[in-house]
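The two complexes that follow have chain A in common; it is paired with chain B in the first and with chain C in the second.
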Partner chain A sequence: MKEIAINRLPVLTYRYLKTNDTKILFSAPQVSAAADFSDKTYVTVGAEFPENFEGASSETLAAALAGEKYTITIPSGMQAKLTIEIKLENQHADYAGAYHFLLQKGAKLELVWKLSGTEAAQGSYLASYYELEDAAELKISKLQADLAEATLYDQRFFKLGKAAKADVASAELGGKQVIVHSRGALNGDEAALTERTVYTGTGKQHLDLFYHIDHWGKKTVSLIDGKGALAGEAKKIFRSTLDFHRGCAGSEGEEGDYAIQLSPKAKNISLPLLLCTEDNVAGNHASSAGQVSEEDVYYLMSRGFSWEEARRIIVESLMRPIVDSLETSLQEETLEEIRRKLDAKGE
Partner chain B sequence: MTKHEEKKRSNIEDVNRSIYDIKDKVEYSFKADTGLTEEIIREISSQKEEPEWMLEKRLAALKIYDKLDVPPWMPDISDLDMSHIDTYVRPRTDMKGSWEELPENIRDTFDRLGIPEAEKTSLAGVGAQYDSEVVYHNVHEALAKQGVIYVDFETAVKQYEDLVRPVFGTLIPPSYHKFAALHYAAWSGGSFVYVPKGVEVSMPLQSYFRLNAPGAGQFEHTLIIVDEGASCHFIEGCSAPKYNVANLHAGAVELFVRKGANLRYSTIENWSKNMYNLNTKRSLVEEDGSMTWVSGSFGSHVSCLYPDTVLKGDRSKAEFTGITFAGKGQYLDTGSKIECLGKETTATVHSKSLSKGGGTAIYRGVVHIGPKAQGAKVSISCESLMLDNESRSDTIPDIIIENDNIDLGHEAKIGRIPDENIYYLMTRGLSEEDAKAMLVRGFAEPISKELPLEYAVEMNKLIDLEFEGSIG
Partner chain C sequence: MSELLKIENLHVSVGDKELLHGINLTVEKGKVHVIMGVNGAGKSTLMHAIMGNPAYKITKGRILFEGQDITELSVDKRAKLGIFLSFQSPVAVAGITMENFIRTTKTTVSGQQQKVFAFKKLLKERMNNLSMDASYAERYLNDGFSGGERKKSEILQLRLLEPKLALLDETDSGLDVDAVRIVSKNISEYHNENNSILLITHLNQILQLIKPDVVHILIDGQIVREGGAELADEVEQNGFDAYRLAVKGDGNDEA
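Up next is the complex of A and B:
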């Protein structure tokens, strides 16, 4: 194991706060599981990745690239659905894999990622590069649960052509250390990328979430939306950046991070950056953190709910819009997992 | 007016800098060698005939300065070479208690800046620093009778050692960062204010810092103690004429707000565009105390300024209201820090910035709610207005929460004047430039109304001139 720095901010701030990046102990994957595809029509083994594909760190990206590699090409004008499931069972305690998705002009893909497994699992090292040509559309739903002792790296990069659209909805519910590194380049005019995440931090979970979207094309649209609850001694760091580059006139971007604090020992760090060199844009950030509102709890209890039920309803209501944007088959499972974690109070 | 004239843009650096840009003949009674060495520090201390403990602090700070690096997140200051900075320039006068006694050129400078006139009409006391030393200091007799102390910092070190020595350098220690260490090694001038228990200073006190010497540094130290239940408003102004060599300002402001006390600290920074303004300000607020910052940053080539409020006492409060206007050739990295340590503390941050002509305006903020700060409530609002697409505007907040009983809200917006708003005003008969100027004034208004009146007027003039003839 060695100490590495991950998820470094694109522009730095004060060192004494120790939030410019996160230092973690890194170990390379040992025994690798295999991914399970629902359909291999468009899947080929092997993949190449551009040099500008940056992961959470060079070490974590290299670990993913050292595993199995696939290229998924959706031909121009085609529509496809694909589920990729990774199960980390006792005999396959790690996973390492890298994926290159190419959606040719006008292609559409609905992609579901499912990551689950037992407490014996050690880690998952995932890297995916999404290249969307003009007018291509990508919808990703991701559910990650269980894996109580695992470190989970999910590193993704989106390159969007003209009028291409990518919509990502993730439920980051499991794992001991959850590291997400998502970067998007809105190169084409009118390209759009949304990154929505729900999370529940319990026990000593560490969530390290990094999102960075570059606006290059005109009239591009971005959304980064994180909603979650923190219980026990969980720690969450939410680094998000919207970067409006000169020339991206007419672009709009929003980023938000809303966290409910359920424990006095939970730690919540948020760094929502707005970087701008173009005047004709609208960039907004809103974040809030706090307890479950006493008035809301009181109201629900006056309608017959117990304190626990009232609290759960309020937390769920915060997360529900993102849960509802997941692929239908994942929604109930995600809600059940959120309820299970909140009912356990995470302490 | 010709079409060419109609299209001519008024640049921010054209705006009313004439008052500030008048250079006096450079005269001094003593000037230390350029650079920062132990010999220079000893010489400054010797010139001031200060106590041994202060020299020891200076020398310890110098060692820290040599050890620390320039923080990697800072703007580029590679053109600032400490070996070429005049660390200490003593003007050709000692401190006076009346303006008439000052040498004519210095008196004229402060006359042009309107300081003596402001003293007559609306201030309870004035300190005026010229280069490295305070040349004028006066406080209303009634305040002095109430026990209010308002003196230059050199006098405070000698006459009020019992008040100064226990707290000097404790709130901003030399290890705070490299330029804090520089400050403690080279400090000269500044003000000391002590407001006794229960005394309300109804009219503001003002210190004005004028740097005339090219290539010089100014390192004034301001220390204010507002004792239990007392209140005070302190105004700090600063300016310098523009030179082709770098000037440096590395002051430090330490503010102690005791139980139930109130302090309002207003700053208008209007340094010239060759100035590196690396200033440090920090306030410690005790139980039920209240700290209000009002900050306007208009000048400097590079500015790094982040007033820090430590809400140590239960139910203590902080409010920060700031505006930054970055024009051509300016990199203004400003913001605020809030540290909630006590229970039921509250803080409001309201920051606005404008950037144009290739200027860079950065908002860099910190909110840290500690594990014991139960019941903390913090609200932050940052708005950035880009007036063209040559400029840069970034918002870099850092929010750290370590307990569950808190309420935090943070909002940030970045963009330009909405076309719909301009269109609406034009349908009501305004020209495009008038509409834009009105909207920018409206954007700045929540901040400008908090500024001392003469500075608010100055800021509105600046906005008007900015838009004059800009639409062709």
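Up next is the complex of A and C:
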């Protein structure tokens, strides 16, 4: 194991705040698990990645690239659905894989990622590069749950052409250490990228979430939306950046993180950054963290719900809009997992 | 006529400040009681104390509901006994549709599972009565609702939950003339000989539509006068000055 820095901010702040990056202990994976595809029509083994593909760190990206490699090409004008499932179990405690998705002009893909497993799971090192040509549309739903002892790296990069649209909804519920690193380049005019994440941190979970979207094309649209709850001694850091570059006139972006702290020992840091070198844009950023509102609890209790039920309703209601944006088959499972985690003793 | 609610010598504080100083009040089944008073008199405090809001601490006295001492009972248990508070500022709960929320609430309060289609039909009927667009049933509870729509949402819950005691905290405030008429009509339709209403209002319009049996004047945390519906007319004409003076000891108790 060696100490590495991950999820470094694009613009650094005071060092004493200790938020410029996160230091973690890194070990390379023992590749043993394999991904399971619902349909291999468009899947080929092997992939190449551009040099500008950045991960949480060079080490974590290299670990993913050393594993399985696949290219998924959706031909122009075609529509496809694909589920990729990775299970980490006793004999297959690690996974490493890198995926290059190419959606040709006007292609559409509904993609579901499912990552699950047992307490024996050690780690998942995932990297995916999404290249959307003009007017292509991508919808990603991701659920990761269980994996109580695992370190999970998810590194993704989106390159969007003119009027291309990518909509990502993720449920980050499992894992001991969860590292997400997502970057988007809105190159084409009117391209749009949405990153929505729901999370629950319990016990001693550590979530390190990084999102960065570059607006290059005109009238591009972005949204980064994080919502979750932290209990026990969980720790979460949310770094998000919207960067409006010169020439992206008429672009709009919004970023925000809203966390409910269910325990005084839970730790939450949110850093929503706005960078801008173009005048004619609209960017909003926000974050809030706090306990469940006593006023809201009282209102719900006045309708017959117990304190515990009222708290659960409030937490769920914060997350529900993102859960509802997941692919239908994942929604109930996600809600049940959120309930199970937040109801568990010793949170 | 049996007692539904009995409040004995109720003292209520928030922090170090006492807001209610010895309230005595009895509400019988089938009756409509109205509480009137100036802003800050303690009217909403009384409602929240009856509902059990933990922010309002009962330092002395007790509250009986159907003969049971509920002074120490939690808010949810009071709701299950049949007490309902229509909030002055209802909160929004994004993520739960109004239909799901009310159906779940009805199941929780009544202890009986609600049949989906029967409930849907009743909900639609009640919403129609309140001139609420049916699409609101699929919207998140109170999320993005105007002040008036939130008040209607409260009365919709009242109609569907059918509590024994309805505490209506300025349900008519923020409503236009037509909405006051619609809401009042729904409250009247809810009311029968088996339930009671305790209503706070500053306006006489709602009292033209919901006839009070008893009117209480609350000033500076004390009930200073009680009477019939004519008392509301008297307040409408003369205001509260005479009652204020009575509390300060400069005036006539008979005001």
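Here, the second predicted complex is superposed on the first by the 344 of 347 C-alpha atoms of A that agree within 3 Å, B and C clash if a C-alpha of one lies under 4 Å from a C-alpha of the other, contacts with A are read in each partner's own complex, and residues count from 1 in each chain.
As a convention for this text, contacts are C-beta pairs under 8 Å (C-beta built on N, C-alpha and C of every residue); 3 or more make two chains touch, one makes a residue touch a chain.
Computed from a predicted model, the values in this text were never measured in an experiment.
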Superposed partners chain B and chain C on chain A - clash or fit | fit
If you stack the two complexes on chain A, which partner ends up touching A:Ser302: first (chain B), second (chain C), both, or neither?
-> second
Which of the two partners, first being chain B and second being chain C, lies in contact with A:Thr19: first, second, both, or neither?
-> first
Considering only touches as defined above, state whether A:Leu318 meets chain B (first), chain C (second), both or neither.
-> second
Partner chain in contact with A:Leu262 - chain B first, chain C second, else both or neither | first
May I ask for the angle at the C-alpha centre of chain A between those of chain B and chain C, rounded to a multiple of 10 degrees?
-> 80
Return the chain, chain B or chain C, that is in touch with more residues of chain A.
-> B
Examine A:Ala34 and indicate which partner it touches, taking first as chain B and second as chain C; both and neither are also allowed.
-> neither
Considering only touches as defined above, state whether A:Cys276 meets chain B (first), chain C (second), both or neither.
-> first
Distance floor for C-alpha atoms, chain B against chain C, superposed on A, in Å, equals 15
Using the touch rule from the top, collect the residues of chain B that touch chain A in their complex.
-> 71-73, 364, 366, 368, 371, 374, 384, 386-389, 391-416
Sites on chain C touched by chain A in the complex | 51, 53-55, 74-76, 78-80, 84-85, 87, 90-91, 93-96, 101, 105, 108-109, 140, 157, 161
Chain A residues within the chain C interface of the complex | 293-296, 298-307, 309-310, 313-314, 316-321
In the complex of these two chains, what residues of chain A are touching chain B?
-> 11-15, 17, 19-20, 244, 246, 249, 259, 261-291
